[in-house]
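Two complexes come next, and they have one chain in common, subunit A, joined by subunit B in the first and subunit C in the second.
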Partner chain A sequence: MDFLRPTTWAEALAAKADRPEAVPIQGGTDVMVELNFDLHRPAALLDLNQVAELAEWTSEEDGRLRVGAGVPYVRLIAELGNRLPGLAQAARTVGSPQIRNRGTVGGNLGAASPAGDSHPPLLAGDAVIEVESAARGVRMIPAAEFYVGVKRSALEPDELIRAFRMSPATGPQYFSKVGTRNAMVIAVCSFAIALHPAERRVGTGIGSAAPTPRRALAAEEFLAAELDWDARLDPAVLARFGELAAEAASPIDDVRGTADYRRHAIGVMARRTLTWAWNEFRSGHFERRAG
Partner chain B sequence: MRVTFTVNGRRETADDVWEGESLLYVLRERVGLPGSKNACEQGECGSCTVYLDGTPVCACLVAAGQVEGREVRTVEGLADGDRLDPVQEAFVECGAVQCGFCTPGLVVQAHDLIERVAEPSDAEIREALAGNLCRCTGYEKILDAVRLAAARKAAS
Partner chain C sequence: MTRTGSGSATPVRAPRDIAAPGTGGVGDSPLRPDGTLKVKGEFAYSSDLWIDGMLWGATLRSPHPRAKIVSIDVSAALAHPGVSAVLTHEDVPGRKHFGLDHTWDQPVLAAGEVRHQGEPIALVAADHPETARRAMEKIRIEYEVLEPLTDARRAAFDPAYPQVQPRGNLARHQPVRVGDVEAAKARAEVVVSGEYRVGIQDQAFLGPESGLAVPAEDGGVDLYVATQWMHNDLKQIAPCLGLPEEKIRMTLSGVGGAFGGREDLSMQIHAAMLALHTGRPVKIVYNRYESFFGHVHRHPAEMRYEYGATKDGRILYADVEILLDGGAYTSATMNVVGNAASLGVGPYVIPNIKIDAYGVYTNNPPCGAMRGFGAVQACFAYESMMDKLAEACGLDPVTVRQVNAASQGSELATGQVIWAPLPMAEMLRQARELPMPPPLDASDIRNLPGGASQTTHGEGVRRGVGYGVGLKNICFSEGYDDYSTARVRLEVIGGEAVALVHTAAAEVGQGLVTLEAQIARTELGVERVVIHPADNQVGDAGSSSASRQSYMTGGAVMTACQAVREGVFALAAARLDRPLDTLGDLSLVGGKVVSESAGVLAAIEDVLGDAVIEETREYHHEPTTGMDPVTGRGDSHTQLALCVHRAVVDVDVELGLVKVVELAAVQDVGKILNRLSLEGQIHGGTAQGLGLAVMEEIVVSDGKVRNPSFTDYLIPTILDMPPMRLEILENADPRAPYGLRGAGEPPTLSSTPAIVAAIRDATGLALTRVPVRPEHITGSS
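Our next item is the complex of A and B:
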């Protein structure tokens, strides 16, 4: 096995072009488990820890945030928790403090597990994934197109994930996750919501209840048509939203839960997160907090 | 491959390291520091917790090559000669150690908590230790020990 240690982004891209079979390693919280258990023995590891660009985030001219693939959860929570509240809530549920000190959104995207906790808030918040190869340059992939199958993403073998881009929240965002306890659990299923008040639109993301993370599109369209943004939440609208969210899931039975349970829980979490977000929106608390 | 890094203030060089090897293996099997324990090798138990450049991590999930040139501090590096670190003392006094397998990781993790948070609440202690499993104590004595260490640190 080779251990490749590029020190710049350009070197990393060159190394990946030269050795497309090399497995990138950032926080290692997925990669090392596979190595320790000998589930996978790659020809080479491509260590990205020396690539300083990946550990930075910036505010772009278009107002969006560009967050490097190597920014660990602990920093995302501390430094971007106000601007990306849905993603930060999800990040707080990842593993344990030790895991959050090392694990990254870039690694979560690289693994592309349907149960990855970053994905629902990335979907609900219209995130775009920035990937790059030495040969073809940068590609901007909307999160909804990034996940293509169970643990499969749109990333090509010669590409690396550079960053994700996402607008700072313009309305309340919430994340909810079902698990057997509050720490150290892979989601049985999860749900994220983001209100986009300026566009009178609500974004959603479903986790661990389909082959890939996905949006609940019919539920989003229903709210775009039926939600009265100047009124209290209509219980009939709320109930229908829950049903449509549950219908958007296509879960399986596995050791963590049954398909029926997951579908039911998605409906419950959809109603809950919308209620939380709506209460915060109506109270004016979000505007005050966002300053 | 060769890996050179600083551990507990000393420069160490490990040779013939397998590229897929973990920092935990290097510490225990190559540089003679068996304090960090290997219980799960999948990040679940926290018994391998060490500081990497000042941040607690699971040593089993860090690739050996990733620590090249970096600084590691293990449980062996907490005591000052024969004088135990206050967290270690508190663990002994409170009876927070039974078989001791989880202790090194818990001590490092608790050490980090009280470095960062002067007077941690119970909720903060539980949250900080959520990734450290103990199969013996039932955790109550561990919580006592962390509270004691934090109180002593705040008073000193």
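Our next item is the complex of A and C:
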């Protein structure tokens, strides 16, 4: 197995163009598990740890945040927790402190596992994934179009994930994950919600309850049509939202849980997270905090 | 281990009128010699063993739970660069089978047929572990895959069910019969019944199976292994290698936890075969995935219970069937069945009993010893039944247990009389009267069900309280003489009296080496105690299991020290030139020989001079009997120990998630030898019971394990295991050294049913299976 160690982004792209079969590795919290379990024996590993710019984040002129693929969860929580609260909540549930020191959103995207904790808040928050190849340059892929199958993404073999772009929250965001342990647990299923008050829109993301992470589109459309942004949350609207979110899932039975339970739990988490977000929004607490 | 702590302020060798007892003796909590190293990650476990020039062994295992092996072709593997040997069953030098106890039915390497997923078939030795694994993949095996036999009930009762192995499908059926159950059924005013299931729990020790075999010049082999019982390993290893036992030198390596999972052999014979074949040292280390196939698990159980009682809750009869699935080979199944049968109704006085406990063979994962050993499964069922009876009679769960509680002088189901104190009713009262934890503080999500994953801010959360009582036999039962041996040597080194304690007992993390030194300090009045590495150059110490090492090896060290002490007294009499019987009652305290009447006679160092006193003693517990094969009658247990748990849980009833808020335990340990270690055992046993209650299960379908990893086999974290409130009682067992009771297992029994009872209390659900999964609570399918 070759171990490729580019020190610049240009070198990394060149290496990936040259060796499209090379598996990129950042924190190694996912890739190394696969190697240790002997599930994959890639011909080459492409170590991105020395590409310094991947570990940086910036505020762009359009107001969005551009977060390098190598920013570990622990920094996301500490440095961007106020601006990307849903993603930070999800990051807090990833593995153990040691894993959060090493693991990155970039790696989560690269693996594209339906159970990855980053995906639901990226979907709810309208994130865009910035990928690049030496041959074709930069491509911007909306999160909703990034996940194409079980552990498959829209990434081409010669492309690398450079960053994701996401607007700082303009409304409350929540992430909720069911696991059979109270910490350090892989998702049985998860749900993220993001209120976008300016657009009078609610974003959603479902994790580990379908072949890919996905939005609950019908549930979002329902809220866009039925949610009265100037009133208390109508229990009937809340209940219907939960039903539609559950219907958006297409889970399977596996060793971590049953399809039936997952569908049920998605509905419960959808109702609860919307309630938390709505209460926070209506209390004005979010504006005060963001302001 | 060396200890040079302070303590006696008296200068050595200066007899004074008063001898101050030293520190670190029985009843103190000296720090463990291995503690700091383990916390800092510097302790050398068996997986850290290294010797120059060693090869790495790998084990090819069956992917199928049941298949005929049509052919094995090792030529491509043998031709792989870097490979030194590829061995199959044809290369086993001696006996082809091994096993615990007297049932040698497990092939060293499969021949002709595989009977469980992960059964070892071939071995590779190579100069690098990755090379060994890659060569392993080149071994060509042609299988004729067969339908796995996975139905334990059919294995037990259907004569037409195909046989898993030549022994037939029933490993053991042990009945227990007391009184007349049929007649009692006519008199019962209240009848309750239930069917209960226990899933497969894994020991989940953190240090995977590993060890090193070094070929010796005499044609023998030196084995460095992590095991629970070296001498029993040796009894199996030697015949399979075709070597006399004296040519196999065993040394205990750092053991990373055991919990029963190291009673059976794993890599011992394999590494030795490769070492003898290649003439080079061979190391084998399983990874986590392989470890799940490298040891036996806790037997899964199906249990049917029916109790009849009077309206006021007095149990009249128990009609019980316990079915334990042992997998393909016998391992410890015989004794697990014995425990399940003899302790099938637990610590309750029931005048009419019919218990039938069965252990069967299937192609499911092999099961054997695990902390609690047959008593855990039964305890979940009988405690669930007590709660059911309480509800049927309108009694509270504590009262119904007190009404039927055994006590000193009561008879167990086997007719064995409980000779030692057993204040169960009082312990239940204490558990109930302990202060309750404060109400839920929902301001921190880590306090809530779902914890850090933020599934609730308090919605759907209901609190419940439950009780559990467990009775565990300590030491081996059913006539087994599981003695222990200790050699103790006392001499002056560098001007100071030093005791050397040598046993073959396995320190598996429980703190035995700390305790051995404490006993030597107390018995010999010295400060410095050195623990010799455990090996087979001293007699058998029995297994580090059945909560027995404090009792048995503790007893052996105590008696060997007492023999050494007699030698010191005799020497003192000689040095003082006085007859021994004129010196009065002598003791060794604070480095001095002390006479009760005359005070300090001399410093131990002055008495010893250049003399070396060494004594070896075996310690045997009082003999037990077998269980009658028809009635189950017999004085089959050495000692019995009780733990009572009260569990408080918060349950998110909408999502089916559980947060155990508090676990309180009342346990009678006879005598606290080391409070720190003891509390660790109660905490750890309780946590393992918590794991079984709400998360730990090896999930199997069609004989195959679906979750052989710590990603999907979950064990409790610090956010799952709550703080504990402990009440530790010291009602001495007159037969045991220092009056002690084994303590490691009883809390593992009682915490599981206490937690499930608390979940039932919160949800109103029946919950007849552990672990309780979220979908059992939400009612999802």
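One rule holds in what follows: the second predicted complex is superposed on the first by the 291 of 291 C-alpha atoms of A that agree within 3 Å, B and C clash if a C-alpha of one lies under 4 Å from a C-alpha of the other, contacts with A are read in each partner's own complex, and residues count from 1 in each chain.
One rule holds for everything that comes next: contacts are C-beta pairs under 8 Å (C-beta built on N, C-alpha and C of every residue); 3 or more make two chains touch, one makes a residue touch a chain.
Keep in mind the model is a prediction, meaning the values are calculated, not measured.
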item: First (subunit B), second (subunit C), both or neither touched by A:N36; value: both
item: First, second, both or neither for A:Q89, with subunit B first and subunit C second; value: second
item: First, second, both or neither for A:I25, with subunit B first and subunit C second; value: first
item: Which of subunit B and subunit C A:I99 touches, first, second, both or neither; value: first
item: Partner chain(s) touched by A:M269 [first = subunit B, second = subunit C, both, neither]; value: second
item: First, second, both or neither for A:T258, with subunit B first and subunit C second; value: second
item: First, second, both or neither for A:V178, with subunit B first and subunit C second; value: second
item: Intersection of subunit A interface sets (partners subunit B, subunit C); value: 33, 36-37, 182-184
item: Residue ranges of subunit B in contact with subunit A within the complex; value: 1, 18-20, 22, 41-44, 46, 49, 55-58, 60-63, 65-66, 68, 109, 127-128, 130-132
item: In the complex with subunit A, residue positions of subunit C that touch it; value: 133, 287, 289, 446, 449-457, 459-460, 654-657, 659, 694-695, 699, 706-707, 709, 711-712, 714, 716-720, 773-775, 778, 780-781
item: Residues on subunit A engaged by subunit B in the complex (per definition of touch); value: 1-3, 5, 25, 27-29, 31-33, 35-37, 41-42, 44-45, 47, 49, 74, 95-99, 101-102, 182-184
item: Residues of subunit A touching subunit C in the complex; value: 33, 36-38, 89, 92-93, 174-186, 188, 190, 255-258, 260-261, 263-265, 268-269, 272, 275-276
